[in-house]
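The letters A, B, C and D name the chains in turn, as written, and every chain counts its residues from 1.
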């Protein structure tokens, strides 16, 4: 990563222009609506959450200095930091309660954290004092702090109504915003974590090619989400530096475990055995990533690193497929160019599967509706997931009631075991239980996670202090600690 | 003349009305709606369903259209399904950049094309004609994005003379932003136009009246400027009106490459996000512009060569 | 007096072909020199040499002295060909417009549609007269109104005749010393032609020298002092107008008043340009054509002759009234049966336009027999070749595409194309305009023969003499209405209508003893006392198309 | 100069343009049949032949396979546009019923201001990666212009005396349309075809470039250019080779069309003094 020149003393001042993938009119200023990296970065500059995620996706204190739960993990007490909003008012418990209520507002279904914080029983939440707040859960959950670190959980001022007039506790003060173009913010001198070094922050939107040109042409100092090819080209020159967060997201094929032929666990295993993961990583990720072991979140908290790496075994796969009577048959793989590398990976995987005598036909669907379509359509499809804590991933995708259960993995026993782990307040015990669940998933589940691409950021050599961390964590897209040399 | 203008105006209004129905049907044919577009890893199906009813997307299509149409008649283009802001604002915000880009391109293209066309036309099949023809043809045969990549690599990344993108730039403070996008758009338009002017010039040069003017001793310069050019310009102007659409296709590519927050990008974004009111609004404005341009072209042609037929 | 133009030993060659061979002529101030000769004899080629202009690949040699300057370069024999084709470009550029002004054969198309006539004439006037604006003067000289509103109009806002005069005004605005006029009378009706003659007379009176190229011998007789007769590029005769052949006299036919039942009949026929009778161009025409007879249709240009013919042929659909063939209603062409289509055939005024540029002429002619009479291709071709041969067009010529035929040949091919249908009624629209005497005779001969076997003819022409000689009845049209009908002899001798009278009188242009009317042609009062015609004898009327001794070269 | 040399010089431009068109055309047609298998390598290797592309595929092999869609879609769209638009134009021009003409042309007038960009993006978004859908869309946006062009050209021919004469001879409608009107329209059509094909090639290429068209793994030339342009500095051939094919085709085609149009028109420039 970068920031590896500790000799240079941090300098103050200057303007930082950071370019992110744009979302056009979709871009918003309301911190509770965000879904794009660019929104997250903008909101991170202006607002803060109670809890953030560390580089291993483990909750770390932010506006809450500490928290403790009761034995059932049902009632949580958060102690707030002594900070002020941009308008000079101090942060109070009331602000936290207002923010949570605003997120949960049933009349605003687009508030993103609504479902992850659904367990919160707002009527029983209360302010203990100005700086202590007690939050009660309808369903006990030992991972609750991580949920408060999720997307769209920023703390706003009590009575905050107009998103066009942002007022947060973040390191930068809002000055202007044009959706699809830019947001400009200036240093907030009273920031509790020490004022930012840069004077002005511009967070701009542009697509991949424009980001590359901007950072290479000196029109931006920071470019988010770069491609491996760009990294390879850029590293040959001296104009930009690449900051790579190792294996921070997950690329997978997902098989629906309730549909033939993947309702047969032999077939699922056979497909897992057929994937030439190294080649997929080498070609689709241009070598910038780690091979996957059919599990989400390599390197994150609770990841069972002791499980053996699955290796390619065409002969065994053939035997399994023969048993299932699938040799010579055709299976359709549903993909789309909704995300970079989907179609490429599917095409390449089809070639690998063909070696075992099964034809995998690549079908490309509409990019915009792909996320929704994948839930219902096809038997095997392309899938990627951003960085999030492993328990949250399981909650979202692998339980009977999960809203994004793309593999149709619905097992009451699994649900029950997971629920039991969730109320376990002892972290080590919880980790052990998660380990068992993940082993089951790796062996029987429908997820064929073949790789974990690096998250690549291009920066101008002038820019110092950028951390190589996965997205959605505290230090990603964070600009109050960086400086321009 | 007046009745002609009135006729055109009525026709144009009818066209716009039919067009908006067409656009509505087209967008309705697309899979998914604006609410679906929010379905990512963050909004659950339940949230999406509530959002849909809040946006009124569960109403029948006919109802939505009549509602929208009624509003348009009162001058209200509606609100975006995605950002919630007024469509008029989105149109206004995106029109500017594209307009500047197009106008800048045309200010370079038109004189250049006329000059090249005249030079080629007067030297039909001469060496100069062939050289210019080959160069413009070759230029126009290279895809926009290839030209863009080459220009950016050379002038921005290698030489550092010109900004490579509009990201973070302001046109008002940095007019140099226009140079590369215009250069990219230039090639094909100049080729198309100059070829029309060339053809017009050749036709005019062979016309009996030019031959006769020469016989009556009109000198060459005067001949070209006063006799040949107005007649040669007619196909050029008509082509120019037609070029608008072609140009827009190029503008989209240019907008994408240079990160210009313009019209074409907004349109494609609107389609991708199924933001029907925005697509409708943008198309309406665009179609109105196209109709105006065509009308203007007809009138200009009629002014240049009065006997050009107005209707048909 | 010194000649303005002196051409000596002018030759023009294209490759090995010699187009013009050693031509000499002079143009004197205040006088008219005429170049006459058959089509393709080299008139235009010679005249254009006065401007230093030449066709593609043509080389000029000899001496063309204009205003004392030789436009042609004298080259040593065997020297390498210079780029100008023998022309001294600088010298030529210096005399164009200023000394010699040329008016081409179809002056209408020589006007720039994009420019107001005042501007266009003004430009030329200033160019050649050091900035002096002579627009008004030029327009007056060309007998056009010279007010501002006229000057601000565009060429398309004038009638064909006016356009011709605008072109003349343009040439005059240059104030040249020599005016070259190439076939100025083609397609003019006799009255307009007469006006032209008086305009030209006035110009020569002011000292202008004119070179007139024409096949219209009456026009030449009326104007020229010197005549040069060309044939195949060579001067075969030169001198005064007496070198011209004597005017042929055609006798007007007494005509028939026979009350036999008409074959083709039109009743209360009206036609319009637009739907629902708006812009009428033909009104309440009555016409009856008995079998074996010939009806001549005459009238001023734009009076509706072609429209009438096209209505009968079924080509002009916007008409009302009744048209019958053998008492059966005759619908428009689209709805005619094959038999009806065969029975009524039409020969176009614009012959060249009615042939497909891409197919051989004989093939196109033969198709009529194939499609309308079901004759096999081979016989049809033979028949086509035979008919063309009778009209004087050789099989070799007919095997070419239309662009390689002269106007006269093509006109005859069009007649053959119609005749191959063995029609009952043949409608001819100005079918002899491009023909010389010999060709006209061949056509008339064949048509009267067919008439004898029962074919009816409708003959549209501005050539009163010819119509009088071939028709049984003559119909005079004026502004879309029939103003006079009668046997030719009566119509020619005792014109009942004023228009007829003016047409007849004007047609006697160039006849000895007929002076030129010193009149405003627009005035209604007849101003020529000599025009009083003996009552008894049908007046001999000259054909306006009478020409030379040799066949066209093609 | 000797005569053979002169005639060779005169034919040079035609020969050059023909070669320019033929190379991509032949590659597009016969390329897929060339047996040429190479083991896939790593992305952007510049080994033997033309190296590999971003997916480690052999560029030469892609080149051979990728012409079909690149040229096929554009040429197909233009052919289709001419089939539909041309027929509409011919019928509208030759009909004697005003209402038929109006009924055919007015609806197209409505379509004319419809931005082709919108149609294409709608089709591309709705029926992603379907070559047929894109071809149809590109054809569709071209239909109104083609119809108007053909109609105008045909109207010129159809209203002239030649057609009247042919009808006087009772030639059949089809014979008149194909034998005369159609042929008269060929001149303007040839002139139009050059630019229209170029524009169609670019429209298709732009759509692919913007990620709206074919699947990103398709071996299509335009897709290759757009996909591999990122790695152009690593392995230029993956971009340059397919781009050259496209350029050669459009350039050659335009030059050829130019010659054809030139041939079919008689020139009188000799009157212009140089």
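By our rule, contacts are C-beta pairs under 8 Å (C-beta built on N, C-alpha and C of every residue); 3 or more make two chains touch, one makes a residue touch a chain.
Just so you know, these numbers come straight off a predicted model, no measurement behind them.
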item	value
Touching both chain A and chain C (chains)	B, D
Relative to chain B, chain with the most remote C-alpha centre	C
Pair joined by more contacting C-beta pairs (A-B or B-C)	A-B
Rounded Å distance, chain A centre to chain B centre (Cα mean)	40
Where chain B and chain C are represented by their mean Cα positions, the distance between them in whole Å	51
CA centroid of chain B to CA centroid of chain D, Å	21
Chain centre separation in whole Å, for chain D relative to chain A (CA means)	46
Residue numbers of chain C (touch at least two other chains)	53, 93
Residue list for chain D, restricted to those that touch at least two other chains	125-126, 268, 271, 273
In chain B, residues with contacts to at least two other chains	31, 211, 214, 256, 272
Chain D to chain B touching residues, read off their complex	13, 109-122, 125-126, 141, 145, 191, 195, 198-199, 202-203, 205-206, 209-210, 212, 222, 225-226, 229, 232, 239, 243, 246-247, 250-251, 254-255, 258, 262, 267-269, 271-273
Residue ranges of chain D in contact with chain C within the complex	96, 160-162, 164-171, 179-180, 183, 268, 270-271, 273-274
Contact set on chain C toward chain B in their complex	51, 53, 93, 95-98, 101-102, 104, 106, 109-115, 123-124, 127-128, 154, 156, 167, 170-171, 174
Chain D contact footprint on chain C (complex, rising order)	53, 55-57, 83, 89, 93, 313, 315, 317, 333-334, 338, 341-342, 345-346, 348, 350, 353-356, 358, 367-368, 371-372, 417-418, 421
Contact set on chain A toward chain D in their complex	209, 212, 227, 229-230, 232-233, 236, 282-284, 286-287, 336-337, 343-344, 347-348, 351, 362, 364-368
